[in-house]
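As written, the chains take the letters A, B, C, D, E, F, G and H, and residue 1 is the first residue of each chain.
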Amino acid sequence: MSTNKAHICMKDGDGPKGAVGSSGEKHHPASQPKKKRHIHRIDSERCKGCGLCVSACPNQVLGQSDHVNPKGYYPAVQVQPDKCIFCALCCLICPDVAITIDEVASDTDTRKT
Amino acid sequence: MSTNKAHICMKDGDGPKGAVGSSGEKHHPASQPKKKRHIHRIDSERCKGCGLCVSACPNQVLGQSDHVNPKGYYPAVQVQPDKCIFCALCCLICPDVAITIDEVASDTDTRKT
Amino acid sequence: MQIEVMFAGFGGQGIMMAGKVFARAAMERKLEVVWVPSYGPEMRGGTANCVVVVSDRAIGSPIIRNPQHLIAMNRPSLEKFGEMVKPGGVILVNSSLVDVSSGRKDVDELQVPATDVAHDLGDVKVASIVLLAAFCERSGTIPLPLLRQVVTKEFKGQPELIAMNLNAIEKGADAAKANA
Amino acid sequence: MQIEVMFAGFGGQGIMMAGKVFARAAMERKLEVVWVPSYGPEMRGGTANCVVVVSDRAIGSPIIRNPQHLIAMNRPSLEKFGEMVKPGGVILVNSSLVDVSSGRKDVDELQVPATDVAHDLGDVKVASIVLLAAFCERSGTIPLPLLRQVVTKEFKGQPELIAMNLNAIEKGADAAKANA
Amino acid sequence: MKGNEAIAEAAVRAGCLNYFAYPITPQSEIAEYLSWRLPEVGGVFLQAESEVAVGYMIFGAAAAGARVFTSSSSPGISLMSEAISYIAAAECPAVFVNMCRVGPGLGGILPSQADYFQSVKGGGHGDYRLLVLAPASVQEAVEMTMMAFPLAEKYRNPVMIMGDGLIGQMMEPVAFPEGLAQEPSNKDDWATNGMATRNSERRNLVKTLYLDAQEANQHNLKLKAKYDRMKQEDVLFEPYRLGGDYELLIVSYGTMSRVCRTTIDNLKEEGVEVGMIRPRTVFPFPEKAVFDAASKDSCKHVVSIEMSMGQLVEDVERSVRGIRPVTWYGKCGGEVPTPEEVSAFLKEMLSERSVLRTDLNGGLYGQDVS
Amino acid sequence: MKGNEAIAEAAVRAGCLNYFAYPITPQSEIAEYLSWRLPEVGGVFLQAESEVAVGYMIFGAAAAGARVFTSSSSPGISLMSEAISYIAAAECPAVFVNMCRVGPGLGGILPSQADYFQSVKGGGHGDYRLLVLAPASVQEAVEMTMMAFPLAEKYRNPVMIMGDGLIGQMMEPVAFPEGLAQEPSNKDDWATNGMATRNSERRNLVKTLYLDAQEANQHNLKLKAKYDRMKQEDVLFEPYRLGGDYELLIVSYGTMSRVCRTTIDNLKEEGVEVGMIRPRTVFPFPEKAVFDAASKDSCKHVVSIEMSMGQLVEDVERSVRGIRPVTWYGKCGGEVPTPEEVSAFLKEMLSERSVLRTDLNGGLYGQDVS
Amino acid sequence: MGKTFHRPKTMTKNHTHYCPGCTHGVAHRLVAEVIDELGIRDRTVGIAPVGCAVLIYNYIDCDFQEAAHGRAPAMATGIKRVRPDLVVFTYQGDGDLASIGTNEIIHAANRGEKFTTIFVNNAVYGMTGGQMAPTTLPNQRTTTTPSGRNTTSTGMPIRLSEMLATLNTPGYITRQALIRPKYILKARKAIKQAFTYQLENRCFSLVEVISTCPTNWGMTPVAAVDWAEENLLAYYPLGDIKTPA
Amino acid sequence: MGKTFHRPKTMTKNHTHYCPGCTHGVAHRLVAEVIDELGIRDRTVGIAPVGCAVLIYNYIDCDFQEAAHGRAPAMATGIKRVRPDLVVFTYQGDGDLASIGTNEIIHAANRGEKFTTIFVNNAVYGMTGGQMAPTTLPNQRTTTTPSGRNTTSTGMPIRLSEMLATLNTPGYITRQALIRPKYILKARKAIKQAFTYQLENRCFSLVEVISTCPTNWGMTPVAAVDWAEENLLAYYPLGDIKTPA
């Protein structure tokens, strides 16, 4: 039962600067211009509160929760979710694969995930 | 009971070109001009007949005996003793320390050694 | 007379240290003492526990399946060891991280929000000392002055920690008294 | 019926090979055979020996203190093993390198200048084959045609050696006959 | 064929085409033989940088499902002891040949049986055992080599062939019995041979780490059960002249037992009756056979004859269980005792039988604190 | 003090100022302690690149005449087995501490006694033995550490301190008895300490190569004589409750014996009388003490209780010589059996005594060719 | 921007046992990503080291063998020789590879064994509690160098990759880091390159990754990456050290 | 000209067990000469290898320890650490030092142990009957490479001295040869230099000497030195490889 803190972005995906960290999938810059949303989730049960993502985020999106998780750590949270540009730098540095970013059609109901 | 084949030279020692192989002793080029003889001996019991000295000798002084020694080898012998310049190259290469060169006053009776 | 106390929690919660402080205190009283860690995986982040056995005669088995007392710093520890405590023993629970109780009627169970207390004192790592003090107070096994003395000696290399630990002892003892 | 032959000499004198040829010949006759080297120092230049035991029933101990026969390629071998040979045995001595005799009256001792013979044949290494042939002839243990056959097979990879070894067999056998 | 070459060829005939080794006398001929023989049959020959590495190459290859073996001699086997412990722990089948030489230390290169304890009690750490085959002739070395692979696979455990140096150096006529070769067992349920190879979505894991005490104990019990099964199913030995009465029972193995055999034959001619048990597996040890043979009314004494300084004798003592006195005779320097020496010892022993009970270690009594 | 630190300090107090080691759980505290303690007293602390290297650093230092020791745990000791064989062969005194962990293979880091065979029968090749001390408390670990150096020098042989992991991790109050420290012996007649050091024109040579069979045999006989002397002079054990009658005799050592002690006390309260022999040296083994204790009329049964899968029991069987049935009880996964478990086993055993005779291995009879 | 990011398929859901901020987790993920990308999971055999990463097989889901301390390269050799069609990698710490296992890695590299090594250099023995490694920096404090590594008595840190690069047998040797996203991107490329060389049966390949051990360095994870960048990268420069001819 | 030449004092009268023309004898003599020259015999401890030179102590008359195969550097470390005042040297073959003992020599060199190593490289395992060594040349026939060393499966010969020279710890590493008088003269100088660095407590020192093994090369001694000069010197260039700063 993992508590995924997620925030969602309604902006278009405008393609990565380089091939970044998504497993097996290739992101095509010139994909058809379709409304997409990104969902940035932190699995607060996986997270060990190391803070590496916090310091790696170029936009100060992340911070540390002040609630301890069942493992005894203070997990990362999105303190300024709106500033997230889904650059995935936080994902890249996270040693515990606690952060994921999904891309879904903008009409997908993320509350189900 | 080792059979030392020795040959003796009456020429003066005229000093080495470099510091060569004599253990612990230094040869002084400018030592007092005293009559000295050199004695070049091959210990035919130590010798294993490898032939390295033969091929190292610049003056073709050495050759192989055609008598087998008690170890079953054909030892080196001085086939042209007169041509020896006591350069000690044969001593340097001999893996069995079977060749020695002594320097004695020219009046020393070498047959005693 | 033999006293057996188990200290259990996450690695890094200071559980081994609390056990050692308890053991040292007992040694000061010239009792026979064995401190036995159940040393976990060679790596970090697992659970850890240690048992301290104190006796007035030579201690046979250092291996205790059913301790008299338990100090549980986290939930898995309480769940695993709570039921092993001998009837009549004391169970000290870090209620900051454990929201359940052992459910036992035959023991003296005490909830102390040790991590929160420690947080307020400035470092969550002293939580184990808070619980230890509460335990000593409740069980009457080690007098508080002796505990203070041992803690002071233990941290003599890091004077900045002494005050915090002494505070932790006060808070822990207070909590025990408050819950009495 | 059991035959035991010891082959002894310097390492590198072909002594092991001679023993093997003898063993192979016995195998051809469908006898039980054990060839046992006394493998010396891991390094070169020492003495070496091997013993071949041939029997018409299973061979128990491959370790023979007192062989029936001895082939001695050098002086230390003769000195060491000469006195161990059982009475009535054959001792073959390489007189090129050994200028003494075993001094025994109860054995059949034969001197063959094998190294000189081999030298004349073109390689001192066939000296051991010269002695082996002389031994076979003298002891009657292995018939010469079988010996030739085994040697031919043994050196089939190096045809240039076959002729030399066959010559060695002739010379050896001749020497044995001459001395008879 | 020379024993070493015969063993090498026997492995090939047994379908073992993978060999990793480091040279050491008196068995380097095995490597030298296989260096041309294996390429000929498409096998793998690799000279490693050390025996430590060999141990783990064997482990890796065996864990990947291959039939594999190595050969070495005493110091080399010591260097493999960590690996052997791992391989036994990981339950991988593999075959180790030890052409035992004189020890301890660098010792010498002459034959010896002084690695008995190392082989049968486990030179490495932890609770494991090797199935140890001890051939007494080149022919038996061939047969045991061929049996070793199926045995290793039957138990998923390393098998050791303990030769005493002489076995490798001796030349005797040999035959390679077709019947002994067995197809490798299917290893798909445990070997790390790649999921695609076994057409499975489940990965395999070969490991020896058991951090949990219960699991570790279970694992050790599982291993123990295998060793117990070996004791039930794979004890091999050869009785010699046990049919009639005998005053003396010899226990001896390997080349040493051949010397004993000649000794027994010689003594029989002199009217002295001696019987022998020759363990062919030294682990599992033929305890019952030794006990039964020692129990015979005529038997007055048991002697362990070994090229070691009192190792085999401990298993003999254990097996005899005090019903007969047990004595040790041995040499360990490279010289195999001759029939004459053994006979002389036995005769002297028979003449002064009364004093022969092996002594128990004494000891400094501590305080009884009860 | 924690057992590991106590051992480290004891070595310093014993005048051993040279330590070479490679980290391994559960004994790295020894190295950590000595990394500051030895420099303080002008000693040598060196962390080596591997246990293999450690073994030879110890050899080199010991052969140069220094008091020296190392500590490790099971897999690390396996890696030292070649070196230990060399050191014993070269007759150099040195001390090895093994804080035994769960094996085989990587196993685990919890306490174990599964290196019993490795320690007492010799993990390395060739005929050698270690004098093996097995402490049951931190205090005894201290004392044994201090005794170990003089013993090693007395015999010019490696001494092993076999702790069972828990000994190193436990904290108990300790004292360092002054009386146990002994000056190092004079080693000038054999150590390679430089001719000038000993004011001699004769060089010393520390070697283990004996190419000549007779010499090698002589050397092995010399070693054997030392091991026999250990059996005469340095067997240590502790009897527990052997004064009165007892139905059952336990043999157990190390931490396990402490559990047995509590079990015995508990059973006594229930009216069941049990006695115990606790070997303090496991080599030399207190054979006579075990035999004598087993011989007592009241004694019906002997049990070996060990944290291994049937190792100690072999020496117990050997010692008991069949006069009483011998049973094994053990666990080997890191969990030390509790007094409750041991008691339960013993009671069950007593209730079904008839079936308890340990079975002898069977075996496939070969053809009797006599 | 706008990227997606998921746990690679070859990675299990298990939470790791690593300390917070330990970059072993990053190395694991990169390897899993590369395995996914190359589609080789069903013929890959990994070899776990003895070190903090011993339980790597709990996180990377392919066939695995668990080595003894330092011996992974010998095991990999064993596998590759008998099954050249399998893809084999070892994952080794600096104690494992640069101390006890130096001989095995050198000779495997020199024989040109066609496997891939991920060499996690965190300048310390993590698993056993922070003792000195051969890679420990001068003056760095560890539990066996309590007053800092003294290079007079213990020598200078070994740059094992540079040493391997001197071998005449062709190989791919590179040093990367896991301490910032920018380095991680490059590290992933290098790991992919290493596996690719193996797939091409081209040469031995080794990717050293500079890593952190906040616990034994006595630092927060964030301080640890800073310290590593400032100190480790100065002594252990990043980049390809050797590429096959 | 006109020189004298005698057996050095530190050399015994014993005849060596070496094969005719084996240059181990030359190496022994040079070491003995240097010991004499420096006057250090009474505080020198040599360490014999496992290899043809195992009996070196029969020929060099000072204290000696006999190592296990490859472990001489660890033994030397043990001695030097407890007795820094002694002069310690190891004498090791290429199988001993460059195969089984690679780890020990690397880490001893890296710790900067103050002993001297004489590394006798004859490109083969002499003592055990001529098996391949890591130093065996490409296509060279040995008893385990009967059709010549195949570098595809066994890699290229290792230049161990060059490898050691990459270490950051200061050291003296040089390669010399024993196959002609001219090289022997230089070799002696280098050996003296190596011992001198040790006496100055300066650094680890290693002198590799290119040597012959006529027996296992299957050549006469004279052919062997020719072959060595042509082939070994081409792959193993002579000269100082590293000198202490």
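Here is the rule we use: a residue touches a chain if its C-beta (ideal position, glycine included) is under 8 Å from a C-beta of that chain, and two chains touch if they have at least 3 such contacts.
From a predicted model like this one, the values you see are computed outputs, not experimental measurements.
Looking at subunit A and subunit D, not one chain touches each of them.
Ranking all chains by how far their C-alpha centres lie from the centre of subunit F, first place goes to B. Work out the mean CA point of subunit A and of subunit C, and you get 40 Å between them.
One simple way to say how far apart two chains are is to compare their mean CA positions; for subunit A and subunit G this gives 27 Å.
Taking each chain's centre as the average of its CA atoms, subunit E and subunit F sit 25 Å apart. Spacing of subunit A relative to subunit F, judged by their CA centroids, is 57 angstrom.
Looking at subunit D, one finds that residues 41-42, 45 touch two or more other chains. For subunit A, the set of residues that touch two or more other chains comprises 48, 71. Residue positions 18-20, 54-55, 66, 68, 99-100, 102-103, 106-107, 127-128, 134, 153-154 of subunit G each touch two or more of the other chains. By the touch rule above, subunit G contacts subunit A in their complex via residues 1-9, 11, 15-16, 18-26, 29, 32-33, 36-37, 180-181, 184-185, 188, 214, 220-222, 225. Note for the complex: subunit F touches subunit H at residues 18, 20, 44, 46, 48-50, 52-66, 68, 82-83, 86, 90, 192-197, 203-209. Listed in rising order, the residues of subunit B touching subunit D in the complex are 48, 68, 70-72. Residue ranges on subunit H touching subunit E, taken from their complex, read 50, 54, 66, 68-70, 99-100, 102, 125, 127-129, 131-132, 134, 143-147, 153-154. Those residues of subunit D that touch subunit E in the shared complex are 20, 23, 27, 32-37, 39, 41-42, 59-65.
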